[in-house]
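What follows is a pair of complexes built around chain A, which joins chain B in one and chain C in the other.
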Partner chain A sequence: MSKVFIYPTNSLILSDLVERFGHNPLAIMSKIREKITTIGVDSPPLNITPKEPEMGLKYAAVEVPAGVRGRMALVGPLIDDAEAAIIVRDATIAFGCMGCARTNELTKFLVRKKDIPILEVEYPDSDEDGQEFVYRIADFLKSLPTGADTQ
Partner chain B sequence: MMTDELQNEDTITKIVVISSDSILPADAAMRVYESETSITIKETCFGTMVTGPQDVVERVVEELRSLDRNHIFVKERGFSPGDERRCRASRGGGPRPGFHFLREEVNMLPMIGSALDAYDAHVPLEKKGGRTEKLGISTLMNIIESEL
Partner chain C sequence: MTQDDQVIIALVSCGSEYAGIQPELEAAASRLNAKLVYPEMDVSILDTIGMEFGLEVASPDLKLMMARAKAVVDGVARVDGVFVGTCFRCAEAAIVRNEVRRYIFQNSGLPVISYSFTERTTAATLLTRLEALTTIAKRKHLLGRERQTGLTAGVDSGSTTTKAVVMRDNEIIGEGWVPTIKVIDSADKALQQALDQAGVQQDELQAIGTTGYGRFLIGEHYNAQLEQEEITVNSKGAVFLADCQKGHATVIDIGGMDNKAISVEDGIPGMFTMGGICAGASGRFLEMTSKRLGVEITELGDLAVKGMQDKVDMNSYCIVFGIQSLVNSLAKGSSPEDVAAAACHSVVEQIFEQQLQEIEVKEPLILVGGSSLIAGVPKAMGDMLNIDVLVPPHSQMIGAVGAALLVSGYVEE
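The block that comes next holds the complex of A and B.
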């Protein structure tokens, strides 16, 4: 079972496909859960404290806006853990709730810089595209090592 | 809804999105009610949200998925259902943060579901001529100039 980083980091489709083909999706939701259930934090409502931009310094320079560094404090550790990645290019909906185009750019840059298998696809807009999208992701995920291979 | 139990670190929430012609969200919810008592579920317009101890939620979700494997999609959710920081009831209405993204992807699920059916049936991928390219800047400029 490989740890597969997904971008957009909160994607239902990617998270489901990775899990469906027997791997572990590295998605932002688990980080958010960790963040909001950790006891003893002092900055409600989202428990983002001045510590996060500090942690983000590992991934972005000090002159980068605190918002980017704060987000990287959540996304960065996922990239560090990644053993493979699936990136959806030109995902316009990734800008909005995720909120920051610069963080998105930095995320993709850091993933591409890492020496791991990466699949880049585009969201489908027709049945044929959908088939290609699923087939490429499925073949990619099947090519990754599973737990059975390593034992 | 926001009980201490839900705040437990071992407690997880999964969103189950149903994009099936044969299963309704209500059917899925009934299946969950029948199977487990230690979890909380919430029916939503796109499916259900299941909250509870990790191992139980994973078992229930797997059971739900088996109802229509290629047309039921699952992802984790950071916040539990009814969490005041996300719930519309306490935020004065409107879509909750994250809803628009989910809705965009839910619109694609019929395509993904039928593609998964085809993949399972080993239907070969139809090769096509590639995507329609975006209009280049120089082409656009030519069009503008030709209009003049």
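The block that comes next holds the complex of A and C.
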């Protein structure tokens, strides 16, 4: 089983695809769940406190706005953990949406900088392209180590 | 200086020309016999550089920055150093600036500095940084010196205090430390203190080196053989005093008016940042805190070590509002120990947030400058970074020691 980072990081379709092929999707939903179920932190709605933008300094300079760094505090550790990644370019909002363009630029850059298998695909705009899109993702996921061949 | 000595600096920016500061950049460069050039590249690369570099940005001028950085790394543009500049407060540019700087430094080995400018950026602000860049680019041999020889003096004319040392055969034999009031008078007093302690006359000195804000003025006054900015000099002084001249080191210098964080390799600065003139993150803030607490600055550190910074609310890094927070805490019954600890923590936290993420922190971490003597500061730094912080002997004298060490190269010449 490989840890596969997905972009858009909240895409349910991508997350589901990764799981179907026996891998562990690294998606922002799990991080959000972790945040909102943390007992003792009271900073609704996401339980993000001024500490998160500080933690985001690992990924972006202090001059980068707090909102980008706060998001990076969630996304950054997922990238650190990633053993593979799928990036879908120019996806529609319904497929998955990251609200901040600056965070998106930095996220994709940090993923691309990692020495891991990466699949970058365009979001399809026809049924035919849609099928090809799923095949390519499936082939990529099949090529990743699963089960016994990973630690 | 001859044409051969000229340092060619690649200007990699997203539009310093539009920010009204181009003449300031040019003025600082020409004062150092440096020339700013735009790295040449094929215009067609602008269509693909985003994907190639990995950063798909909206601004074409940021794509131009990445393309120029690539031209430098690929050797298409032959330069000695690189200046990376973007507008202050542009988030996209801040992301690109950091990554471009790292990319050039890691892939070319060229010295790089980066700066986020406003329309008020002046040549004087840029000068120290560019001077360090040109020294690292063209005068590395100067920084290779590891032993002080002969009888030399170094004078560090800082914004708050003036320091002087006299060194003989690799030993400090005299030192002086006075507040900076009139630059030349203060330098004379500090040097005289050092000479008296060393038991030598000024005319016996074989060479004098100057550094700090007042380096040019006092350099002229003493007819100094070396007038050198404080980034390279302080790095050298710090690794000399900490006995870490080989391998990696990180030098953090908390000065009276600004801070420097320098990543050093074999005594030569690599990446470095120099904080702007923000008093809240400097020794000045600690001075004001000690005045408010009614203790000498030298007593503040011991007080801070006994306190708990968590017990004091500090909502601002600004020197005015920060002091206000401390005053409010005292009014609510906080102890002077807690307030002293909060002040030290605040200074260190700002350095951590604003400077340390821009350089690679590698142990040993050498903390120098007058503030390193305030025990609460190295403690707060060690707690925050979870590493041992090394404060070398004479840590407040690094500039003067570095200058005395480097200028001894001129004795043999």
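Simple rule for what comes next: the second predicted complex is superposed on the first by the 144 of 151 C-alpha atoms of A that agree within 3 Å, B and C clash if a C-alpha of one lies under 4 Å from a C-alpha of the other, contacts with A are read in each partner's own complex, and residues count from 1 in each chain.
Everything below uses one rule, namely that contacts are C-beta pairs under 8 Å (C-beta built on N, C-alpha and C of every residue); 3 or more make two chains touch, one makes a residue touch a chain.
Being a predicted model, the structure only gives us computed values, none of them experimental.
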Combined model on chain A where chain B meets chain C, clash or fit: fit
First, second, both or neither for A:N24, with chain B first and chain C second: neither
Which superposed partner A:R112 touches (first chain B, second chain C, both, neither): second
Contacts of A:I93 with chain B and chain C, given as first, second, both or neither: first
Between chain B and chain C, more extensive residue contact with chain A: B
Partner chain in contact with A:T146 - chain B first, chain C second, else both or neither: neither
Touching partner for A:L57 - first (chain B), second (chain C), both, neither: second
Chain B versus chain C as contact partner of A:A101, first or second or both or neither: second
Smallest separation of CA atoms, chain C relative to chain B, angstrom: 11
Overlap of the chain B and chain C footprints on chain A, listed as residue numbers: none
Chain B partner contacts - residues on chain A that touch it in the complex: 8, 10-13, 15-17, 19-20, 27-38, 44-46, 93-94, 96-98, 122-124, 126-135, 138
In the complex with chain A, residue positions of chain C that touch it: 53-58, 88-89, 91-92, 94-95, 97-99, 116, 353-354, 357-358
List of chain B residues in touch with chain A within their complex: 7-9, 11-13, 15, 17, 73-79, 83-85, 97-102, 104-106, 108-109, 111-112, 114-116, 118-119, 125-126, 128, 131
Contact footprint of chain C on chain A as seen in their complex: 54, 57-58, 60-65, 68, 101-102, 105-106, 108-109, 112-113
